[in-house]
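After this come two complexes, each holding chain A, first together with chain B and then together with chain C.
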Partner chain A sequence: MRAPKFLLAVPAWAWLTAFFILPVATVVYFSFGYKPGLFGTHATDVLSLDRYREALSPTFFTTFVNTLRIGILGTLICLLIGIPMAYWMAVKVSPRWRTLLLALVIVPFWTNFLVRTIGWQVILAPEGWLSGLLQSIGLRDAPLAILYTRPAVLLGVVYNYLPLMILPLFVAFDRVGPALREASKDLGADRLRTFLRVTLPMARPGMIAGILLVFIPLMGDYITAVVLGGARGNMVGQLVASQFQAAQNWALGSAMAVLLIVVIAGAVLAGGLLAWLVSWPVRHRTRLGLADLENIAVQERA
Partner chain B sequence: MTGRISLTDVLLRVWGVLVFAFLFLPIAVIIVYSFNEGRLLVSFTEFGTTPFRAIVERPAIRSAVMVSIQTGAIAAVISTVLGTLAGVAMARRPGKWVVVFVGLLLLVSVTPEIVDAVALLPWLVLLGQDAGMPIFDNGVVRLVIGHSLFATAVVSYIVRARLVGLDAQLEEASADLYATPLRTFRRITLPLAMPAVLAGGLLAFTLSLDNTIISAFVQVSGTTPWPVYVLSALRSGLRPEIAAVSTLMLLLTLVSLTLVWLVLRRAGDSSTQIAKTMTGN
Partner chain C sequence: MASAGAVELTAVTKRFGEHTAVDRLDLAIEPGEFIALLGPSGCGKTTTLRMIAGFEQPDEGDIRISGESVAGVPPHKRHVNTVFQNYALFPHMNVAENVAYGLQQQRTPRAEIRQRVAEALDMVQMRSLADRRPAQMSGGQQQRVALARALVNRPSVLLLDEPLGALDRQLREEMQIELKLLQARLGTTFVFVTHDQHEALSLGDRIAIMRAGRLEQLDTADAVYARPASAFVAGFVGQQNFLTGQARGDGTFDAGQIRLRSSRNGEGSLLGGQVRAAIRPEYVTVEKVSDAYPSGSAPAGSALPENSAVGRVASVAHLGETMQYIVEVEGQDSILSRIPTPQAPAVNVNDAVVASWDADSVHLFQAELSAPQHPASRT
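Then we have the complex of A and B:
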C-alpha cells in the first residue's frame, strides 16, 4: 500500500493546527463572550454579539477608520514611490549593478523592524539633529513637531513597507523584458506610450502582489504606531493589544481582532472589485500576454 | 540607450538615489548613534564606544541577546524541518490536498501578527496551566512556537518553488534502481532541495531575531528576547546601548543574508529569483 500523498506535510499541518488554527478559533469563540467583573479576562457562558457592537461604538470606530485611511494612503504612496524606482532598477540600470541594488533594497527590509522605526524616532525628535539642522538654517523657527502625530505614523509605515512594494514590482518589470518595448517602439509608439500601454499593463501582477504585501501587514501594524504615533497615532493593532494587556478585556480584544481581519478582507475584496470595474473598458481591447507569445515561439520552433 | 542620456533617465536615477537615501537614513542614524556617549539616545553629545561596553556589563542586555539567538536557532531548526517536509510533499506528491494546504499557509502568512499574538497568549496559558503541560510555561518554548508559524510557511514556499523547478527524473531513477523511499529522500531529494533548505533556515533565523509583536505577548519574564527589551526601553527612555546592540544585531542579519545569497547563487539562481525568495514569494 502506498502512503498517502500528504504524509510528509502532516508534521507541518499538525503544528500549524495546534498553534495557529486552534488559537485563532479560540479568539473567535472568545469574541462572543464577555468580561466578567474587574478581575476576569473573559467568560463564554452567555454568547452574544455585544462585543462587536461595543467594538464598533464611536469610541473605537474612529480608530478603525483611521487605520483604514493610513492603510490605503500608505499603500498608494508606496505604489507611487515604488513604480519609478522598480522601473529604474529593472529597465535602466545595467545588469551588473542590478544585483547590488536589489541587495540594497533587501537589507533594510531584513533589518529589525522596531530598530528601523526607532531610527525615525531619533530623526524626528524635537531635540534631534534634523530639528536642530532645520532651525539653524532658518527653515523652522521652532523645534520639529512631527513626532507623535499621524503624519509621522504615515511616514513610518511608508518607510517600513516600501521594500515589499519595490521587490514584486521589480520582478514584474524585469519579466517584461526588452523585446516587447522594442516592438512597441518599432510600431511607432513613443516612450510614454510604450510605458503606459505595454510595460505598465504587463507589470500588473507585480502591482497587485505589491499592494497586497504592503496593505495587509500595514493594517495589522502596531509597532510603527507605538513608536512614532504615541497616544495619538492610534491604529487597530494598538487597540487590540491594549485590550489584552492593559484593559484585560479579552472578549472585547478578540472581537476587535476578528473585526480587523474582516476589515482587511473586506478592503481587499472592495479594492479588487473596484480595479475590475475600472479596467472593464480596457480589458475588451485585444492584447497579447507573455504566455501567448511563448506559445507562439514554441509552435514556431516545433 | 547609447550616447545621449534623456531627461527621463536622469530623473529616474535621481529618484532611485533619493529612495535609497530614504531607505538607509534611519539605519545610518542608528549606527552613528551607537557611538553616542550621551545618556539619552536622541541627543548626541560626543563620539565614544561606551554603549558597546554596556553590552558586556549589563546582564539584562546580554541575556536578552542570548535569548534571541537561542530562540532563533531552535525556531529555525523546527521551521526548516517542518517546512522542508511540507515543501517536498507539495512539489513531489501534488494532488487536491495541496490546494487546501497552500490555503492554510496563505492564511498563516496574511493573518496580522497581532492576531497571532493575542491568540497564542490565552492558548499557551490554557495548555500550560489548565491542561497541565508545564513545557508550555517555558519562555523559550513559547517564543519558539510563536516564531515558527510564519517561518514554516516561508520555508515551505521556498523548498516547494525549488523542487517544482527541478525534474523528478532523478528520484524516479533512484526508485527504479530499488532504493527505498527513505533512501531516495535522503540521497536524492534532500541534496536537490538543499540550497532552498539552507536559505529557508537562515531566513527563519532572521525572522525570529526580528519578531517583536508575538514575542511581546508570549514571553515570560526571565526570557525576554532582544526586541521586547527594546520595546520596554521605549517606555522607560531609550539609551545609546540600544543602538549599539542593534548595530551588532544588524551585522548578524547581514551575515546571514549574505550566506543566503551565496547559497542561492551557487545553486544557480538569478538575482531576481533570489529577491523573490527573500520576500517569501
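Then we have the complex of A and C:
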C-alpha cells in the first residue's frame, strides 16, 4: 500500500506548528493580558483590550507611520534598483559572467547582518572616511550629518534587503527567454513595449515574491534602525524589543507585535489592490476573448 | 509597389566570431512565391531567415524587402512576420490576445482588431478556442495560432522557421497541405526553412538548397530532383547510389568492375580524372542472373555491359509503394534499388542478380577533394 500523500508535508507542518503557529498564538494571548507589578513580565488572569489602547499612543503611532514610510520607500527603492539590475543580468550579460554576478549579489549574505550594518555606521560617521573625503574634495564644508537619521536607515535597509529583491526578479526575467521577446519585436513592438507587455507581465510572480521578501522582514527589522537610526530613525521593531527586554512588559510588547502583523497584512492587501486598480485600464484595453468575437461575420478575403 | 513581397539578398555574409554562418549569399525570391530553404543543420538557413526578419544584421551585403534595403531597420519596423520553431506564443495571453498583439502595436482601432482576429482565427479553424491559453492546447493547435498571429498583420513576407518540426508525422502532413493551400489563397511570399527534404519538395514552388553558408541550387522541385547542380544536392535531395569512377578517356568511367557511361548533356566528355556518379535507386532494376543470362553464368569484369553490376541480394524490404533491394557488389559499395511493387521481380535474399540502369540516369560530378556528406544516401 502506498503511503498517503500528505506525509510529504508533515515535517513542514510540524515545524510551522511548533515554531510559528504556537508562538504567534501565545503572543496574541499575552496581548490581552497585563503587567502584574514591577517584577512580573505578564499575567493573563484578567483579559482585556487595554494593552491595545495603550499601544496606540501618539509615540507609537508616530513610530508606526515612520516604519511604514521606511518599509514602503525601502521596498520601492529596492524594486527600482532591482528591476534594471535583474533584467541586465538575465538578458544582457553573457552566460559566462552571469554566475559570477549572481555570486556577487549573494556575497553580502556571507557576513553577519549586524556586522554589515555596523559597517555602514563606520562609513557614515561624521568623523568617518566618507565624510573626510567629501570635505577634502570640497563637496561638503561640514562633517557628514546623515548617521542617526531616516535616510541612513533607508540606505541600510536597501543595502540589506536588495539581494532578496534581485534574486527572484532575476529568476523571473531569465524564465521569459529570448524567444518571446523576439516574437514581440517581430509583431511590431519596440523594446519598451516588449518590456511592458511581455517581459514585465511574465515576471509578475517574481516581482510579487521580491516585494514580499523585502517588505515583510523590513517592517519588522530593528537592527538596522538601532544601529543607523538612533532616536530619529525609530522603527516599530525597536519599540517591541524594548517592551520585551528593557521594560519587561510582555503584554504591551505582544499587543504592539500583533498590531504590526495586522498592519503588514493590511499594507500588503492594500498594495495588491492598488496595483490591480492601476493596471485595470491597461488590462481592459488589451483584453480580448471569445465573447468579443462571437457576432463577427467573416467575409471571404479577395 | 510592383515588387511588394520580393526578397533580394546580395552577397550577404554573416560571421559569428571565427565561424562564417552565411557566406556571400545571393538569393532572389519572387513576390508571392513559396520558397523552401533546405539544408543540413548548420548550413546557415536559419541565420538567413533571421537576417530577413531583422534579428541579425549582415556583416556584408544587402537585403532588400519589397524593393527597399532594410539595412539597419529593426525587426519591429519590417513588414515581415515570423512563425517561430517553438511557436513562441505569449503564455500570459489567450489565443485571441496573442493574435491581436501585432494589430495593437499598430494602434489598429478596436472594431477592426476584432474583425481581423476573427478572420485570422477562422482561417486556421481556431475561433472556438479564442479563450484558451497556449498551455491548454496541443502542439498542432499552437501551430495554427502562431500562423494566425503572424498572418493577421498581412505581412509582405511570411517567414517560417521549421514550424512543423515538433509535430508528429500525420499532423505534419496535414499541416503541409493546409500551408500550401493557405499560401496559394493569400498570395503572400512564404520563406520556409526546413531540414526535411520531403517537406521542402512538397511545399516549395522553388527550393533553395544551402550548404556551409552558400547557395548550392535554387530551382523547382522537379529540377532539383532530376537535374541536381552538384553532388551535394544530388545526395541531399532523395536517395542516391554514389560511385567513384576514373575517366578512361573514351567517355566512360571505371568504378571497380563497373563500367559507367552517362548520356546526360555530354557530361562525360567534359570531365576528366576522378568523378562521382549518382544514380537514383528508382532507376536501378534488378534481375536474377539466371533470367538475364539463360545460358549460364554472368560475364565477369570488362565483359559486363556498361552500367550494370553483378552481385548478391543482401536485403529485400517492402516499403509500401516500392520494394527496396540492397545488392552487394564485390569490391564496391552496395547498390540500392527501388522498384514499384507491381513490377517488382521475384528475388530473394542471397540470389545472384544483375543490377542495371540507363545511361540517361547517371549524373556525373567532378570529384571534390573533400567528399561531401550524404546524410540521406544510405538509410
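By definition in this document, the second predicted complex is superposed on the first by the 262 of 302 C-alpha atoms of A that agree within 3 Å, B and C clash if a C-alpha of one lies under 4 Å from a C-alpha of the other, contacts with A are read in each partner's own complex, and residues count from 1 in each chain.
Assume a contact is a pair of C-beta atoms (placed from the backbone, for glycine too) under 8 Å apart; a residue touches a chain by one contact, two chains touch by 3 or more.
Bear in mind that the values here come from a model prediction, so they are computed numbers and not experimental data.
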Query: Just chain B (first), just chain C (second), both, or neither: which does A:V226 touch?
result: first
- prompt: After lining up the shared chain so the two structures overlap, which partner does A:L180 touch, if you call chain B first and chain C second: first, second, both or neither?
  reply: second
Query: So, A:D190: does it touch chain B (first), chain C (second), both, or neither?
result: second
- request: Tell me which partner A:T26 touches in the superposition: chain B (first), chain C (second), both or neither.
  value: first
- prompt: Which chain makes contact with more of the residues of chain A, chain B or else chain C?
  reply: B
Message: Quick check for you: in the superposed arrangement, does A:R140 touch first (chain B), second (chain C), both or neither?
response: neither
Message: Touch test for A:L104: chain B only (first), chain C only (second), both, or neither?
response: first
- prompt: Do any residues of chain A touch both chain B and chain C, and if so, which are they?
  reply: none
- prompt: Which residues, counting only chain C, touch chain A once they are in their complex?
  reply: 53-55, 74-77, 80-82, 84, 86, 88-92, 94, 96-97, 100-102, 104-106, 113-115, 117-119, 121-122, 127-128, 130-131, 149-150, 153, 186
Field: Parts of chain B lying in touch with chain A, wherever the complex brings them together
entry: 1, 6, 8-9, 12-13, 15-16, 19-20, 22-27, 29-30, 33, 41-44, 78, 81-83, 85-86, 88-90, 93-95, 97, 101, 104-105, 107-108, 110-123, 126, 145-146, 148-149, 152-153, 156, 181, 206, 209-210, 212-213, 217, 227, 230-231, 234, 238, 242-243, 246, 249-250, 253-254, 257, 261, 271-272, 274-276, 278-279, 281
- line: chain B partner, complex, touching residues on chain A are 3, 5-9, 11-13, 15-16, 19-24, 26-27, 30, 41-42, 81, 84-85, 87-89, 92-93, 98-99, 101-123, 125, 127-129, 159, 162-164, 166-168, 170-171, 174, 191, 209, 213, 216-217, 219-223, 226-227, 237, 240-241, 244, 250, 253-254, 257, 260-261, 264
Statement: Within the complex, chain C is touched by chain A residues 179-180, 182-190, 193, 197-198, 201-202, 286-290, 292-293, 296, 298, 301
